[in-house]
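Read from first to last, the chains carry the letters A, B, C and D; within each, the first residue is number 1.
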Amino acid sequence: MTILGLVSLPRFKAAVLGATGVVGQVFMALLQNHPFFKVKRITASPGKEGLEYRKALRAWIPPVELSPEYGRLTISSFEDVLEDDDIKIVFSAVPRQVAEDMEKKLAQRGKTVVSNAGALRMEADVPLINPEVNISHLGLLERQKRERGWSGAIVKNPNCTTAVFTLALKPIMDRYGVEQVNLVTLQSLTGAGLRGYYVLEAMNNVIPFIKNEEEKVQRESAKILGTLENGEVKPKSIDIWVTTTRVPVVVGHTEVAHIKLRDNPGSLNEVRRTLEEWRGETGDVDTPTLPRQPLLVYEDPFRPQPLLDSYIEKGMTVAVGRLDLLRERVLRMVIVGNNLVRGAAGAAVSIAEYMHEKGLI
Amino acid sequence: MTILGLVSLPRFKAAVLGATGVVGQVFMALLQNHPFFKVKRITASPGKEGLEYRKALRAWIPPVELSPEYGRLTISSFEDVLEDDDIKIVFSAVPRQVAEDMEKKLAQRGKTVVSNAGALRMEADVPLINPEVNISHLGLLERQKRERGWSGAIVKNPNCTTAVFTLALKPIMDRYGVEQVNLVTLQSLTGAGLRGYYVLEAMNNVIPFIKNEEEKVQRESAKILGTLENGEVKPKSIDIWVTTTRVPVVVGHTEVAHIKLRDNPGSLNEVRRTLEEWRGETGDVDTPTLPRQPLLVYEDPFRPQPLLDSYIEKGMTVAVGRLDLLRERVLRMVIVGNNLVRGAAGAAVSIAEYMHEKGLI
Amino acid sequence: MTILGLVSLPRFKAAVLGATGVVGQVFMALLQNHPFFKVKRITASPGKEGLEYRKALRAWIPPVELSPEYGRLTISSFEDVLEDDDIKIVFSAVPRQVAEDMEKKLAQRGKTVVSNAGALRMEADVPLINPEVNISHLGLLERQKRERGWSGAIVKNPNCTTAVFTLALKPIMDRYGVEQVNLVTLQSLTGAGLRGYYVLEAMNNVIPFIKNEEEKVQRESAKILGTLENGEVKPKSIDIWVTTTRVPVVVGHTEVAHIKLRDNPGSLNEVRRTLEEWRGETGDVDTPTLPRQPLLVYEDPFRPQPLLDSYIEKGMTVAVGRLDLLRERVLRMVIVGNNLVRGAAGAAVSIAEYMHEKGLI
Amino acid sequence: MTILGLVSLPRFKAAVLGATGVVGQVFMALLQNHPFFKVKRITASPGKEGLEYRKALRAWIPPVELSPEYGRLTISSFEDVLEDDDIKIVFSAVPRQVAEDMEKKLAQRGKTVVSNAGALRMEADVPLINPEVNISHLGLLERQKRERGWSGAIVKNPNCTTAVFTLALKPIMDRYGVEQVNLVTLQSLTGAGLRGYYVLEAMNNVIPFIKNEEEKVQRESAKILGTLENGEVKPKSIDIWVTTTRVPVVVGHTEVAHIKLRDNPGSLNEVRRTLEEWRGETGDVDTPTLPRQPLLVYEDPFRPQPLLDSYIEKGMTVAVGRLDLLRERVLRMVIVGNNLVRGAAGAAVSIAEYMHEKGLI
């Protein structure tokens, strides 16, 4: 992004699907005053068409004010978005069950869809991207366009837990090799949406099960950490034993990992530097949402905490702490990441920004 | 306990040290209308001597009403307890740093001390007991009395996390052998006492560190699961990789265990039965506080939950769920136990009841 | 209740309608081991017939264990309750919209219905009763039976907020006269049922509106505090200015009242004694659920608190504090009462117990 | 503030006393990238001198990122601030007991002190200012300088509850006259500082008493709403009956007011417009922190809510709802305001900005 760019280029028109939901709201917040994209249309659940956005919201979750401009957008139908050829890019935060059909139609119509919806993530020709980890998987788009005959495209960001986890795991994997991971997550309530839990079931409690979550972490991690060769992502075979739970925290997933390494680190300091200095595959590209430092490491054993560490660099930086060698070649990390930003809308916006910079939209 | 016993035996006079703290309160609750023991004296932090118990309390945590009789007890000094020869048994919930000196004096004076305080737990001649797991370790008392020259005795219950964990692990260990455990805990706030955390640091948050807790779990588990031979507890060598955290839950520790077994279970049903049918070393003894069924297993994946499962059989039963074989010979269990009852006062009272039944007081 | 009574009388068979809801659960808890009543049948929302009670529960709210006997009851249809002539008394905790029809059928069929449901509370021939305040309004039943031609009867307990408020107001009104009340309530979440609020809307928040609640408080208070003359309740004309809000508390309504009196009290001590010594219209009757002391007064300005004061005498005693004369003849009281017990099931069970003792069932 | 001003004027050097506390943090957040003021020195509790600000924080409460520049400031001693003649303005958030002495010394030394500390608020020559309500009371400074012989000055912002209350009351008072107010507050936990409450006492609870708060509301409101004549503030005599409570909300005070008016409003719509169109005494001045619209009115009865309405216009706008005429000439309002911004640091910064614009610093 350059000053020159800001001046000379008109902003791409964008749409946000599912803009009243919790992830949709974070899309709207990140796209306020955005130098590349300008939201022109939004959708919500059926029946809300024509309402003003700010009046259709029951709550506004992001920690920034909703801009008057976006607040006054009126809610469109999906068809209006589909048929608006002015719209080049669509950010999707719709429920899994309606996503597949909508997103395919949009791609066919020539739009670039960057989507947080669970559907299609494991399709062989759909890039599933955690930017710093595997932005190179965008290479799949060539095959996608060819095989599907789309003028547009569909790109996915990962499940929230997986996005946080793979970001912290990648530099460790690259440097030391990873043989096995024990992962226990303490996930926040916004991961289940605005109406995920009733007060009387979730407060003062731990819920020890999140449907399909453990499978997603294993499956998506293998794809994200895999290598793209000849138009094919070869999944990384990592042995992950995982239990996912829900705790009474509003934003920020905490993940405790006990990682069996191939090589013993020289020291914890070396591990710390490996994490903090890592920039990943997006290293040379500077965009508004990609963080300058993807991973921050605490030496204070009381950190990271979701209450304090969920909004570092707008929520894109993942915080790591409690680094310890529990045994030889067994590394412990506690990882905290913002499930709505790094784990959802922020990852998607970063992907779109990267595509914009590389001329892929 | 028999009707006859109730009628013919006078109740032993007891004291509770640290009765206004959160564990002290649970001692008081469990000892209300108790058929074996009657609290005659209580102590609190210095400066409160002479106050009525109910007026010295800032909060009353147990889920039962404080009886008027105990509510009107006045707070004694430690010296008054020490010199009151009418008192045969002392339940201790004082802070670690003052416990050692007080408890040794009481034992010397002929009193049986059953203590939740951290001090002395790892002394070679002090039984550290989770009743169903290793009540046989009371055998150490003979050596204790001989070597220390005490007419009384000191017995310890374990750290809260360890008590919950070892109860669920013991039947698995006995039946299948345990090679290694990955343990991640989500501990409740009462584990840190009435003034452990400020609202603004602990609510809506996870705190990823509890000082000394991980060491305690490893050390105490080895002793409790060890075997007593020739007046010596030979610690069980179990490889436990552990991370302990604090979550915004008032009562009830949740512990996620991934357990590497020696032998593969025939089925999950077999594991379930192994847990539910286990009665442990106290099997033949019936006392007011020992639970009829120490371990309850849920098939509903959304259970156990600390909010719903912390008071089964007064808080002495530990609930287990999410049983799964993650890999061959790798068992997952989510364990929920009451940190104040099973993990503190309830274990201690059960030990005392057992000693009473066996004529050891 | 006498020992003799316990021995010689068989217990009345009872039913609880809506037994899985939050008020239904408290009915079940209060009716465990009850000397007068024994629950034989329970109902729940349609589709749950045939399920075991303990398995139909998503959560168990009362602070006592569910007895195995009640836990194993199977859920009946409403028709089964209606046609079971063995059942003499029915406790109702069904939603307002279905209550009227069901309860009328039951009364016609000869059963005594004591109901927490909002329907019919303001009917001229239906007693609306907060036991100590106006148990004499049971006198309406004669008219009810005569005019409706029922062999059974319908009696109502008040809305939760009203029950707590009128209990504390009655002795003040009788002694000093009340000209006007400013009432602001801070109501607990269970007042809205198990699924009243989502976490993300209610935690860390105050919701300044509860639908219809302010009207109910005014209307029901006037009826409860009114006088029965010639088969007619003449409502008490009290000028109540009221705002009701919801706060993130699980059990226990807090109500702040600024009361303009007719006569100035001699002293705050006199007010305190007036409240504490008051026994009301049930004064001479001793039943299992009616509290020995309906009103408890704190001098400590930090009390009452819903967390600490919701379960005094099983939740039937209302706690009062912050007594102050803000101006001449202007009394301030902060009132805390258990919305599920005093404000719902406990009031209903007490009414039934009283009717049992007086031979009215 | 003009572009010209930004370019030509150097920013005034400022200090923040008590910068690590909860109000101190909000001062720092509001003064980041501030066009008039630049924080050069900060202080904290004794013993922290020399620490970097970001490392001295246990928590960072404001909903914006701490700038790297301020994060790297080192903590100064009070003496360093006092003797640094480069510093023209000092924002004070120190505890009441040390404030008086420190602030007097600073004023004597020629610095302008704008202070949130409770001390000196009721001194006859100290302006107590809620900007839109009574910025004209700055006129007291002339007398202050003359009588005290100071080259600097001390100005105070009100207690948090009073600031929120008087902002909403002023336009009502001016238009309709106010005879009496019943005020019940539901105050947030940050009002008591970072370590005000323990989890186990404040969560899931209402605390019905806040020490000295009710007196402050009455006393400070009278001064703020009073009129300045001949160097004297004549307090407004308003009859306020008030009860203040604490609820488990992190930020945002809710205040329920039943207001007896002198004149009956024409309609609720008229009241709404009166509130929304009011700009108060600062009407013509535009500064970075003063809100464009001080009062926002909701028609939705479920608003305002502290969770949703505490950060309107950075937290300076107070939200009002549930407007109703309970009786003739009796107006109900529910008021929600940010206790840390409108009720503390934001009011103080606005005062300083106004003084800057008027050449009073």
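Here is the rule we use: a residue touches a chain if its C-beta (ideal position, glycine included) is under 8 Å from a C-beta of that chain, and two chains touch if they have at least 3 such contacts.
Here the structure is a predicted model, which is why all the values come from computation and not from measurement.
Enquirer: If you tally the C-beta contacts for A-D and for A-B, which one comes out higher?
Expert: Counting C-beta pairs in contact, A-B comes out ahead.
Enquirer: Find the chain most remote from chain A, comparing centres computed as mean CA coordinates.
Expert: C
Enquirer: Report the inter-centroid distance (CA atoms only) between chain A and chain B in whole Å.
Expert: Between these chains, centre-to-centre, one finds 43 Å.
Enquirer: Mind checking the centre-to-centre distance between chain B and chain D? Centres are C-alpha means, answer in whole Å.
Expert: About 50 Å separates the centre of chain B from that of chain D.
Enquirer: So how far apart, in whole Å, are chain A and chain D when each is placed at the average of its C-alpha atoms?
Expert: 39
Enquirer: Where in chain B do residues touch at least two different other chains?
Expert: In chain B, 59, 201, 203-204, 248, 250, 307-308 touch at least two other chains.
Enquirer: In their complex, what parts of chain A are in touch with chain C?
Expert: By the definition above, chain A touches chain C via 22, 58-59, 61, 189-190, 194-204, 248, 250.
Enquirer: Give every residue of chain A touching chain B within the complex, in rising order.
Expert: 182, 184, 186, 201, 204-209, 239, 241, 243, 245, 247-250, 254, 256, 258, 301-308, 321-322, 326-327, 330, 332, 334, 336
Enquirer: Touching chain B in the complex: which residues of chain C?
Expert: Interface residues on the chain C side: 59-60, 63-65, 203-204, 307-308, 311-313.
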